[in-house]
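In order of appearance the chains are A, B and C, and numbering begins at 1 in each one.
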Amino acid sequence: MRCLIGLICLFLSAWINTKVEWNLKEWTTSPLPRPESALLLSAEFSPLSSDYFLMKAAIFYSGMAKFKKTESLWLSKALYLASYLDPYYFEPYWMAGVSLPWEGRLQEAKKILKRGLNYLNNRWEIPFYLGFISFYFEHDNKVAANYFLMASKLPNAPTYLPLLASRLAVKGRETRIAIAFLQEQLKMTKEKKIKSRLKKRLKALQAIAFLERAVERYKEIYGHLPLELNSLIKQNIISAIPEDPYGGSFYLTEDGRIWSTSNLR
Amino acid sequence: MSAISLKEIYKTYKKGLRQRILAVKNLSFAVEQGEIFGFVGPNGAGKSTTIKILMGLIFADRGEARLFDLPCSHPKARAKVGFVPEQPALYDHLTGAEFLHFAGELYGLSKKNFMEQALKLLEKVGLKEAMNLKLRHYSKGMQQRLVIAQALITNPELIIMDEPLSGLDPIGRMEIMDLIKSLKEEGKTIFFSSHILHDVETVCDRVALIVRGELKFLGKPDNIEETFREEIQKWAKS
Amino acid sequence: MGKIISIAKVTFKEGIRERVFLGVLIFVGLLLIGSGFLADLSIGDILKVTQDIGLSGLSLLGLFVALFLSTHLIAKDLDKKTIYLVVSKPIARWQYILGKFLGLSFLTIFAIFVGFIVFLITLFYFWKTAKIYHVPQIAWGKHLLAFVYLNLKMCLLIAVGIFFSSFTSSALVAFSFSLLIYFIGANLQNVKMILESKVGENITPILKSLFKLAYWLFPNLSLLDLKAIAVHNLPLNIGNLGLSLLYGLAYTALLLLFASFIFDRRELN
């Protein structure tokens, strides 16, 4: 009789467990503790806490299609927390550099990466990400060049870094640098979902690079910028405008650069 | 030199912050070498307290307590003393042999002296078969016998026993009495406490009666019965 | 000296034959073996997480034996009066304290050693079978150093446990206070860092002075925690390591001194 009751209880609880809706979004964006509190509570086990919050951030990042402002803020806080709890751990800095700037969280990314400079003085990626942010997003070539130079002196730095530092003045090279950067990141990632995000961005940037080259050629031939991208097709420079993997449409900005209505997000 | 010497011993227990219980008051007597000395009194009279003071487990507030003329607080005072406490409390996970070995080491016995002695003692108390059994599997009687064995491991000159006869069946009591007598024949001094007058009357050379911490009688057991009855009645009335 | 070793041996035997001890050892063993699988589940540098889980498991094991088992065994000794047959022999009270300390230390070192071997084997296995972009070098020597300092840390905590046991008779009280000291000690360095950062600017000066006092008084356990150095292969500062070693030994000795002073005067009723 007791066995029967026991079995009923077991199946009941298992059934309820499957029925309860597990909201990934809720779990991953649950409130984060203050870094100082988390550190004091974890005491000597803070590296484990760091692993935990990094995992949460990574699952969140690979699970969501589009980020709202609050969500990208959560992501930056989670990554800051992970890097605070184990400042010698490289992964949080890597993830911050790869994800946050593209979601508009430049200041948060810089905060995390600058802290990383103090602790990991043998990882070229950290000053490189800072340089890339200054260069690609903030258009501050001077600061970027300094960072790239710093990065080039560190072990295992890619050999193109010094060249990069010197090419910064040249306009129109930004997209190609971003493409090279993304390709490097793809090599280092093993997470399928993060890889697909990076590939998506790479595809968008390659489309932009393609359009930029077309605009340059137009300028060479006709001496001025085209009025709109369709002119490129009319003049037979390109056969079609490539698709934006983010669902927007590409357009020509006033100063002759290519961007998309999707903002690449 | 007396085996045990107590001079004007006072001991007060503090219960909580205010209550004070006077356990032993102005206790003075001596136990000479080679005698069997009985320490008798009702429960709570201060017998265990006195014995604990002698063994250095607690400390007297005032007065001098000595074993073989060394202060009781000094470890050396206990070098020639074997102690059998009121309730046997042994390390559960050790075997009988291991515990005996441990006791011998604490007395500073070298391994050479020890092995033969230990085996003889185990045989004497009838625990030879159980010597490799863990103490948690010992019956109460077996534990009691092991405690006696560990008290005798160093062939001590003085054996102090706290209520050795309590809780024993008639056969057990007889065995302890015989042991006490045989120890005296070996020239040892035995000091033991009891709350039963008959126990000390039959075997002791001298007896002390303690009631409410005070010494009421000291001398040969032949004369003790009357005093004992008086004091017990006085004590029972209050 | 021989008497101290006898007490140490008996303490060791009593501890190792406690069923709880075996249970915890098995639990931690399973945790260590599972650490690689757990690490695989989580996202991040798998080897780093494996090492984190493994070293944290070792710390937990050490904490259990050093804090819980030590206060438990001494309280048991006092409560069941098994101590009577020890202290009534011709030994001094300080010999009992030292003997207990040595026995508990050997017990702890033994437990952590077993755990460490399991950890090394597990780590080696996952290191060899890892399928990641670039397999990092593991600082085996630094792990050994971290193991040594972990043992020293545990001996200090045992001394804390013995210190509290020397005047209370409740195992729970001694354990709770020892745990509190551990928690404070593990966080001293963290609090210092926080106070010196931006967040710390708003803290009242009274609290800061109180903290300075605490920093002097309580044991700074982070000095003996070499986990970060082992896992991240950080450079060794021999001077600091030497000072930390001295600190650990001195603090332990101080605690044992106090404990024996208190225990000398304790009434065993």
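By our rule, contacts are C-beta pairs under 8 Å (C-beta built on N, C-alpha and C of every residue); 3 or more make two chains touch, one makes a residue touch a chain.
Since we're looking at a predicted model, the values are computed, not measured.
Peer 1: Give me the set of chains touching chain A intersected with the set touching chain C.
Peer 2: Output, common partners of chain A and chain C: nil, no chain qualifies.
Peer 1: Which chains share more C-beta contacts than any other pair?
Peer 2: Counting C-beta pairs in contact per chain pair, the top pair is B-C.
Peer 1: Which chain lies at the heart of the structure, taking centres as C-alpha averages?
Peer 2: Given all protein C-alpha atoms shown, the central chain works out to be C.
Peer 1: Chain B to chain C: how many Å between their CA centres?
Peer 2: A distance of 41 Å separates the two centres.
Peer 1: Provide the C-alpha centroid distance between chain A and chain B, rounded to the nearest whole angstrom.
Peer 2: The computed centroid separation for chain A versus chain B comes out at 81 Å.
Peer 1: Residue numbers of chain B touching chain C in their complex, please.
Peer 2: Per the touch definition, chain B meets chain C at residues 52, 55-59, 75-79, 83, 85, 87, 89-94, 98, 102-103, 105-108, 147, 150.
Peer 1: Flag every residue of chain C that touches chain B in the complex, lowest number first.
Peer 2: These residues of chain C touch chain B: 2-3, 6-7, 9-10, 13-14, 17-18, 80-82, 84-92, 265, 267-269.
Peer 1: For the complex, which residues does chain A have touching chain C?
Peer 2: Answer in residue numbers: 36, 39-40, 43-48, 51-52, 54-55, 58-59, 86, 88-91, 187-188, 190-191.
Peer 1: What part of chain C is in contact with chain A in the complex they form?
Peer 2: The touching residues are 42-45, 48-49, 52-53, 56, 59, 132-133, 183, 186-187, 190-191, 194, 199, 221-222, 225, 227-228, 231-232, 234.
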